[in-house]
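As written, the chain order gives the labels A, B, C and D, with residue 1 at the start of each chain.
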Amino acid sequence: MEQRNPADTSLGRPLDGWRLRLYTIIFEADTRAGRSFDIVLIIAILLSVLFVMLGSVATINAKYSAVFSWVEIGFTALFTLEYVARLACVKYPMRYALSFFGIVDLLAMLPSYLALFFPEVYVLVDVRVLRLLRIFRIFKLTAYLTEFTTLGLALRASARKILVFLSVVLMVVVIMGTVMYAVEGPAHGYTSIPASIYWAITTMTTVGFGDITPKTDLGRFIASTMMLMGWGVLAVPTGIVTAEMTAQRRHFMSTPTTRTCQECLSEGHAADANFCQHCGARLPAYQSEAAAKIS
Amino acid sequence: MEQRNPADTSLGRPLDGWRLRLYTIIFEADTRAGRSFDIVLIIAILLSVLFVMLGSVATINAKYSAVFSWVEIGFTALFTLEYVARLACVKYPMRYALSFFGIVDLLAMLPSYLALFFPEVYVLVDVRVLRLLRIFRIFKLTAYLTEFTTLGLALRASARKILVFLSVVLMVVVIMGTVMYAVEGPAHGYTSIPASIYWAITTMTTVGFGDITPKTDLGRFIASTMMLMGWGVLAVPTGIVTAEMTAQRRHFMSTPTTRTCQECLSEGHAADANFCQHCGARLPAYQSEAAAKIS
Amino acid sequence: MEQRNPADTSLGRPLDGWRLRLYTIIFEADTRAGRSFDIVLIIAILLSVLFVMLGSVATINAKYSAVFSWVEIGFTALFTLEYVARLACVKYPMRYALSFFGIVDLLAMLPSYLALFFPEVYVLVDVRVLRLLRIFRIFKLTAYLTEFTTLGLALRASARKILVFLSVVLMVVVIMGTVMYAVEGPAHGYTSIPASIYWAITTMTTVGFGDITPKTDLGRFIASTMMLMGWGVLAVPTGIVTAEMTAQRRHFMSTPTTRTCQECLSEGHAADANFCQHCGARLPAYQSEAAAKIS
Amino acid sequence: MEQRNPADTSLGRPLDGWRLRLYTIIFEADTRAGRSFDIVLIIAILLSVLFVMLGSVATINAKYSAVFSWVEIGFTALFTLEYVARLACVKYPMRYALSFFGIVDLLAMLPSYLALFFPEVYVLVDVRVLRLLRIFRIFKLTAYLTEFTTLGLALRASARKILVFLSVVLMVVVIMGTVMYAVEGPAHGYTSIPASIYWAITTMTTVGFGDITPKTDLGRFIASTMMLMGWGVLAVPTGIVTAEMTAQRRHFMSTPTTRTCQECLSEGHAADANFCQHCGARLPAYQSEAAAKIS
């Protein structure tokens, strides 16, 4: 997480005394207390998510319903405490509350409070949605690995390329989906254009659920072309890249060549080597016919 | 889109006055009016396609049938207006009408006119086909992104490689499909060679619908080899490329070491080298701890 | 196909007169007659394979049974003639008869003769197997594209890598298949270890037919790890390669840099450029901080 | 396998006489006897695994039950003999017994002894688990191929990258699985969050069993995004890598041209360059026919 300079008193609240100690523990991980806090919190998040997952299994929930309620209250209390502590020890409480992590932390506690203060809402809002909101706690983990930030940056850098690629794929599935809708029709499972587009996506991404399948010969033929397209988008560039690499490899000087040392007759010296690495003698100049080798 | 020099009066109609202003708006995107036109048109295309998709959903169509008819009439009128405007302001109307975009634009309006002027045809031609023709409007969008042109060029450049790759894949699925037809037979779903080839494609492209599956042990064995083939075509080159990359990074003929030549101070000599390949001096003996590392 | 020197009379039959003319037509493609022969033969092979495919469709076969019989006789006659012609005009008839293409050509005619001379065999041998033998004619096409030879060589070169990779995959599917057999058991579709291995292959190659699926929680958990493994084998190296490439790209000198020409203030000159490509002024020396940029 | 210097008598038992001869045969493969031993053992392992696989097929087991029992006793005796021989001829018996291969060898014999000495256990322990333990003999094969050690090292090197990648994927499937659980619910097959996560994994890894499929429109829409994500993780980097490779090949800042600088004769200047980036001379005007090529 980004380091804030606690001594900066130019704006917001001054960080001193207990605030500074608390800040060091919660937001920084350079002290033993700070690292322990992080580890305890990560374990708490993982356990909490695990309990939400187990609580959704009907058989387990039936047996241990009370246990799950108490556990959930416990975690909510814990996360509330953590949230209050964070707000209490940062310089800009509002900035934290409105940041990504602030919102995730709020969402982590919200369902239980909703259930507590608005019992009618609790009945109306599907318990499944409440479980979903609790699962979002898992996003709190992203603060702890720098690789996630790197991944986010990498995605943002390629954003335009990804968008163009995606729009081509979307255009293809819309067209092919509608073609199959016209060819197969609702009688064979292609009930509407959106449903056919859903099928087209399962086919082009090679997932192939099988809940909708073409029955007519023309439909199967079109499906075959789509499958070859979706798989080919992976296979063709991979093949081209492999061919390029092996071609480039022949060109580069680190590949084994048939250069032979005239003194010790050992073969396979690098294209840019001047001396034999086995006997020390000077190697004759290298004549490359690499171009001829690449058929 | 390609820029035409409006002042060129050598052939076709001269572009002046209102024609020139219209041309600037429709075909060019450097003025505010031109960009607004493009945005409005893109939104119109997307909305029109969305309405065609929604109109195919039985439940929605039942409720709002009249709305959909009027919306479709509205879009047809809009695209007709646009088509007429384009024809009116280009230098070579025929050239535009016969170009890719001209045909797509024509197709965008055609279904509704077919329905209007040939009501008997409208009844005979499946409404699903009419919806398909309307969906083709989506091709109008390709004019707005240069990346599509780049993609088209890239595909054309690799055309021969793709064709060879495709024919190998086709040969394999024809052979393997027929083998499965012989082994499993119509009793197990492999009703004919074309159907078996369809199954072979779902298997080799790892889509795996599951509408046809092998039941005999020999059939399952052959299917296993096909699956490993189809997946291997992706996995093996990827593995080779990764190995190549890490090998190139290391640059030398055996595992990288930190051996340094004491004469010329170059690093990275092979573990089994006795002489420096850059200056010929003898390298000090290599102390390897690699064996210990390999548990 | 390899060129034989027709004038070489050292061994075998001398190629002269009509033999030489026939040889040029059949085996070489440098004359107009030679090329026409090739094209006619390719079309004949494709048509013949198409007829075998169509003949397997029950509905079509019922209607046109006689037509298919006569067409098959016709093609058999054609290929017999071609085979005899080839044998007649090469220097070493036995060498051709025992080569790959010689055997494929023999196989192309064999089924019909089997049917003719051994009618009882014809009844016993499944017509599906006969169709399979006829489909092998498609291998005759590989003579016409040099890329197939290249592909064959490439595969032979990587043979050891492929075999090692394959044996690792086989080991994994044997182990995981047997684990699922132990966990799920015949009651849930995992009837034997071979069947479970078949399921393991459909899962690891991401085909996922769905004819056998895990029902227990532990089974689904193990299946999840297998799916992540099979997909990860494709995704992880691809990610590593992409990361490597973008890192290498930053290092190389062709990437756009922020080098600015001091005369015309244009940006983005190549790292190795000495002069501004827009105004011709000399560019200041390039200070690279590429290492710092690669986080 | 690593070579131990048999003459080293500093620790453990001295290797001499019959011990040394046995050691050379079992652990080394440089003598004819050593290689024969290796081949016989590999064949024994493969046969033993094959018999375990066949023994699980109900139909075969029913017929040849006695044969399988005797064969299994035979192999157990063989592997026991091998194990005792190994222990008898190494310098450090305990070190071998606790190494990876030592434990695998022990596991290879264990099931049958368990069955023999604890018949009640044999009845309780599922015969399927016993078969599983026997299948683990296949790990003995890894001693014979150095590529496995290389693979193990490669995996260990990339361990952190793989773990980060895996945790991102896990986070995504937990979130998306729970979303589908909330949207579709137990009525449509998404019986609990763990079951939904299992479904999410089958979808993102493009396996797509089809045992659970989304039925609602929103569910199908979310499933579509997940499929595009899972397939995109493979397709997008592959596309980026291919683009990078072809860009690197071209080496310059816009499409490659054959423009040649008349002063220094260097080729390949950008289409929009006015000055040569190598010598500063003015380049002749560029006549582009690219526009004409883009139909």
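FYI, a residue touches a chain if its C-beta (ideal position, glycine included) is under 8 Å from a C-beta of that chain, and two chains touch if they have at least 3 such contacts.
Chains and their UniProt names: A, B, C, D = Ion transporter.
Quick caveat, the model's predicted, so the values are computed rather than measured.
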> Any chains in contact with both chain A (Ion transporter) and chain D (Ion transporter)?
Replying inline: B, C
> Among C-D, A-C or B-D, whose interface repeats A-D's (more than half the contact pairs identical)?
Replying inline: C-D
> Would you say A-B or B-C is joined by more C-beta pairs in contact?
Replying inline: A-B
>> From the centre of chain D (Ion transporter), which other chain's Cα mean sits the farthest off?
In response: B
> CA centre of chain A (Ion transporter) versus CA centre of chain B (Ion transporter): separation in Å?
Replying inline: 24
>> Between chain A (Ion transporter) and chain C (Ion transporter), what distance separates the C-alpha centroids? Give it in angstrom.
In response: 33
> How many angstrom between the C-alpha centroids of chain C (Ion transporter) and chain B (Ion transporter)?
Replying inline: 22
> Which residues does chain C (Ion transporter) have that touch at least 2 chains other than itself?
Replying inline: 194, 197, 206-210, 230, 234, 238, 240-241, 245-246
>> Tell me the shape of the graph of touching chains, choosing from line, ring, star, complete and other.
In response: complete
> Where on chain D (Ion transporter) does chain C (Ion transporter) make contact in their complex?
Replying inline: 49, 52-54, 56-58, 126, 128-129, 131-132, 135-136, 138-139, 141-142, 145, 147-148, 151, 158, 161-162, 165-166, 169, 194-195, 197-198, 201-202, 204-211, 230, 233-234, 237-238, 240-241, 244-245, 248, 251-253, 269-270, 273-282
> Which residues, counting only chain B (Ion transporter), touch chain D (Ion transporter) once they are in their complex?
Replying inline: 2, 100, 149, 153-154, 206-210, 234, 246, 291, 294-295
> Which bits of chain B (Ion transporter) are touching chain C (Ion transporter) when the two form their complex?
Replying inline: 164, 167-168, 171, 174-175, 178-179, 181-182, 185-186, 191-194, 197, 203, 206-210, 213, 217, 220-221, 223-224, 227-228, 230-232, 234-236, 238-243, 245-246, 249
